[in-house]
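Starting off with a structure, shown below.
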Amino acid sequence: MWQNLPLLPEQASTMAPRVDALFLFVLGVAVFFAGLIFVSIVYLAVKYRRRADAAAPKLIAGSLALELLWTVIPLGLTMVMFVWGALLFVEIQNPPADALEIIAVGKQWMWKMQHPDGHQEINELHVPIGRPIKLTMTSEDVIHSFFVPAFRIKMDVLPGRYTTAWFEATRAGRYRLFCAEFCGTQHSGMIGSVTVLELSEYESWLSGRAAGTSTAKMGESLFQRLGCASCHRPGGAVPAPSLVGLFGSKVALEGGRTVVADEGYIRESIIDPRAKIVAGYQPVMPTYRGLISEDGILQIIAYLKSAEQGTGEAARP
Amino acid sequence: MKSTPPISVKSYVGVFVALLLLTALTTAVAFVDLGGNLNVVAALAIAGGKAILVALYFMHLRHSSRLSWIFAGAGFFWLFILIVLTMSDALTRSGFSFAAQ
Amino acid sequence: MSAAQTTPRIHYLNVSYGVRSWLVTTDHKRIAWLYLLSITFFFVIGGLFAVFMRLELLTPEGDLVQADTYNKLFTLHGVTMVFFFLIPSIPAVLGNFLVPIMIGARDLAFPRLNLASWYIYTLGGAFTLAAAAAGGVDTGWTFYTPYSSIYSNTHVALTVVGIFITGFSSILTGLNFIVTIHKMRAPGMTWFRLPLFIWAHYATSIIFVLGTPVLAITLVLVALERLFHLGIFDPALGGDPILFQHLFWFYSHPAVYIMILPAMGVVSELIACFSRKRIFGYDFVAFASLAIAVIGFLVWGHHMFVSGQSVYASMVFSILSFLVAIPSAVKVFNWTATLYKGSISYDAPMLYAMGFIGLFTIGGLTGLFLATLGIDVHVHDTYFVIAHFHYIMVGGAVMGYLGGIHFWWPKMTGRTYPEGWARLAALIIFIGFNLTFFPQFLLGYLGMPRRYHVYPPEFQVLNVMSTAGASILGVGYLIPLIYLIWSLRYGAVAGANPWLAKGLEWQTSSPPPTDNFDVAPLVTEEAYAYADAEGETGHPLGKPVDV
Amino acid sequence: MPTPMRKAKPVIRWGSPSMSETSTVIAHQFDDAEQQREASTLGMWVFLATEVMFFGGIFLGYILYRSEYSIAFAAASNRLDIWLGLINTAVLICSSFTMVLAVYNAAVARRRALQTNLLLTILLGCVFLSIKLYEYHMKFEENLVPGAAFAFPAPHAPAAEIFFSFYFAMTGMHAVHMIIGIGLLGGLLFRAGRGRYSPEYFTPVELVGLYWHFVDVVWIFLFPLLYLVGRHL
């Protein structure tokens, strides 16, 4: 029975031992103070138990020195926890630049994953060991949360915007993936697994599957099919801003503001095109709300990213 | 016991006229482009001034106990906490269009 | 019945009879009883929901109830326990009974408002029960949008309206306490002679008054969004679901302090009485209550570290959350120091008080894990959080409530409860509680998410332990229910001051007369002046004694 | 927040409700009229702090969306009738003025003037609500009520719908407060007619006055936020 009762979950990512180290530090502080209080109470309660002949206790009103002592020491310790925790948090929040980008879309009650090469998985994710993986996530309905205990990562997945999470697996194996934000009737059924493969196995897993179209390619064909290219090219039907090199650049807007063209901006420009108008252009683009799925938007974003890297030919004029 | 209120009818009339004038002013200013966010600042500053006039004179806060001041202030202080901390998130969120400068 | 030789004394319980005399009463002591009965009712209901949840979780499969039933169970457990039991528990029962008496007033400042707030509470409860009876609600007590406002097809609007209505009962209670404490203190009852129970209730009232309205307007918006398909919190229509979380937690985090601060006040009274000592560092404990109430309003964002909230905002909320831990720690240290050189007896209320300190310490310290950004990412929305807040709300607030009920039972009823049974029950509750909730810390760190109807088999051992503990805890709660009712008729008649305690409430008869005192009290000594008999009135801090 | 302690009185009345020499009714829990008046006034201020937070939550929502959808909010705001808003602001300021005169006249024992001013305040409140109702009707005609029938020129439709959601929620909440206020004023008017108020006892008039002015202050902020935003665009 007891082998079924580990005290710490498996450590399978670069972050896991670091989170556990901080956990053990806070645990140490907590155990020390809890012990101090428990022992003191029991000791004092026994030592000063009421005796029949005892006189009334003398008044001890307080001690400024003690009050300061037990204000300052906990304050110092908690500040250590804060700084340590915050530094770790910043790392958890910021994926490395060279990470492999995987798209995760949550919907009631399943996870849809999409690899850069176009492979799609449901409630399963296969990743190589030792390579940072960045998840760009969104939801098609309510709020979900992507939680892999063995990696010590969790991030809410929201409808209408993108959130990211990242990890670098350190041990091969199959790890549980949970939805951690209550999302409706089958919330507890919205579970899956992340399989970490040795690099060679990952390669064979990739090749063993029917070669899909890459995400960027799918985005490209969607880009054509929806007719985006008829305007978003020089001399198009209607003057529209060029999308080459758009991703990550600064866009000047009507009204003097500028905005960085990140995933959120591109998504908004497709769903609600007139929310932000690029300086010098007319607000004529119709909305694609309802005409394109969340997966589709993410594919187009992948396509625009690749266009920025110079591989997406069709975006070229 | 109060036999006469501390504020005279004359000062009530004064405050009343001032409130009407400020209302006219804020409406007029709204049609002028002051540039940037100055229109919002002006509108809220005038509204704040009007609110202070109402509170001090019509609500007699000026002659009220310190305790009334504290609770009147507490409401707005807590509102300030709510707005500032929430907007500190909304205006610095990444991956969200609020990040637009 | 032994005291029946003399003519019966007229007190608040026998001054009039009949249901009507209770339903139209404006006596704060009788209203406290109305609340006591209604919150006990909701406690039992909420407890029954918990029983079914724990039984379901005995096995990893969903074999006892369906998924949607389970979701409704934990939602209704949360809603009834938080809004209809914990929040009103100590303030509306013990606070209602004791605040006027402790400061030497005849009643609260607005007695009719006080009665109105009970009716409002009852009305809100009726709405929520109607929602439960009509088929329940499955959003969790947190009502996160857009699930609650668009996707759920259960009775969200009805439940939300019930909570909205009940909120006004809290607001009116808080308003009544603030005005009463400011304006109705007996001659000589200066601020620094107030019992710490009063300081705690003052701090609680501030939260009631300034926090509850924000929850009210938020729930109105959710209901409007649901009924008229507005887009305020719905991202599909341009709304921001995170705004809902900000507004919700702006109230609901301080609401935790609504539950724990009054319990802290009770524990201060109990520790002082049963160790025959003035609370060590009285001023610090008093100000710690206010500090918790104020700083408690600045930390709500720690519920949202992985919600998509800005990293910068998360850091601000994290550091502020650590700051609010300090006044709580100061209180715990001061209570412990009070025992030093005391004369400690182990009556049942004291056992509850010591249990409170232990469990609150664990609950508070595990809060540090949740305030630490790097750790919270892992433990957020897992059973670690469930265990943490049950240590605060059940280990803290409910232990404080039970301790207080036992301590003031002789005052409220004029009867004493059976001490042996009470100590036994306190022990059973302490053991059962730890068995129930300690395993959940382990479950949480292992990664079991909350609100899971079925769960992976590796979590079963700990879940079985938890359910076993819950059955012990349930028995522990039943025992006081039985012997307290028994004592109403068969308990020994209590004198005015069975504990030989200090405080104005012990200077009047038990049960008190309708006007609380036969002679107007005049306060001439500090709170907890247990040492006065020995002539020890010095004040080592050198503060002038202000009369 | 320690306050100066109430002066300890040499003789303390205790017990049953008492009638002071000025025929003021003092509830049994209070020692004297002054304590009763102070308690009631403090209670009202605490209640108003609650009200600030009640409206505050919805103001926060408005501020957040305005900063996000400023252009759409300006466009939507331009669909409100600024002149009706302006007239209503003036009406409400007038009603605050008559309210404060009512309190004044209660304090100086001019019963007729008290009644007249209360009546005027009620009438002005009704004028405000009527204009508001007319505005609601216009918005309904123009398909600007959020919901299935909502129609707004394409660029900003979703954000404009949020604007109008706030418009109706905020002004609706405000109107509910006005209606409650008019009810309270009606009660005052009735009791003033029966001569219940005197310079020694007019706390209810003062308290309703505080409430009414607060409702006015809310509108003072609603008017620029809803009607004037982006008017120059």
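Chains here go by letter, A, B, C and D, matching the order in which they are written, and residues are numbered from 1 within each.
Heads up, the rule we're going with is that a contact is a pair of C-beta atoms (placed from the backbone, for glycine too) under 8 Å apart; a residue touches a chain by one contact, two chains touch by 3 or more.
Fair warning: this is a prediction, and the values are worked out from it, not measured in the lab.
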State the pair with the higher C-beta contact count; candidates are A-D and A-C. A-C
Relative to chain B, chain with the most remote C-alpha centre: A
Where the CA atoms of chain A average out and where those of chain D average out, how many Å apart are those spots? 46
Euclidean distance of C-alpha centroids - chain A vs chain B, Å: 41
Chain centres from averaged Cα atoms put chain A and chain C apart, in whole Å, by 35
Could you grab the centroid distance between chain C and chain D? Build each centroid from C-alpha atoms only and quote it in angstrom. 33
Chain D: which residues touch two or more other chains? 3, 38, 42, 46, 49-51, 53, 56-57, 60, 64, 68-69, 158-159
Note the residues in chain B that touch 2 or more other chains, in rising order. 67, 74-75, 78, 82, 86, 90-91, 94-97
Please set out, as single numbers or ranges, the residues of chain A touching at least two other chains. 161, 163, 272, 275
Give every residue of chain B touching chain C within the complex, in rising order. 67, 74-75, 78, 81-82, 85-86, 88-96
Listed in rising order, chain C residues that touch chain D in their complex are 100, 105-111, 171, 174-176, 178-180, 182-185, 187-188, 190-192, 209-214, 216-218, 220-221, 224, 228-232, 237-240, 243, 246-247, 250, 515, 517, 519-520, 522
Give every residue of chain D touching chain A within the complex, in rising order. 69, 71-72, 154-156, 158-159
If we count contacts the way the header does, which residues on chain A are in touch with chain C in the complex? 1, 4-9, 18-19, 22-23, 26-27, 29-30, 33-34, 37-38, 40-41, 44-45, 48-51, 54-64, 66-67, 70-71, 74-75, 78-79, 81-82, 84-90, 92-93, 108, 141-143, 145, 147, 149-150, 152-156, 158-161, 163, 176, 178-189, 191, 272
Can you check the complex and tell me which residues of chain C touch chain B? 182, 206, 210, 214, 240, 242-243, 246-247, 250, 297-298, 300-301, 304, 308-313, 316-317
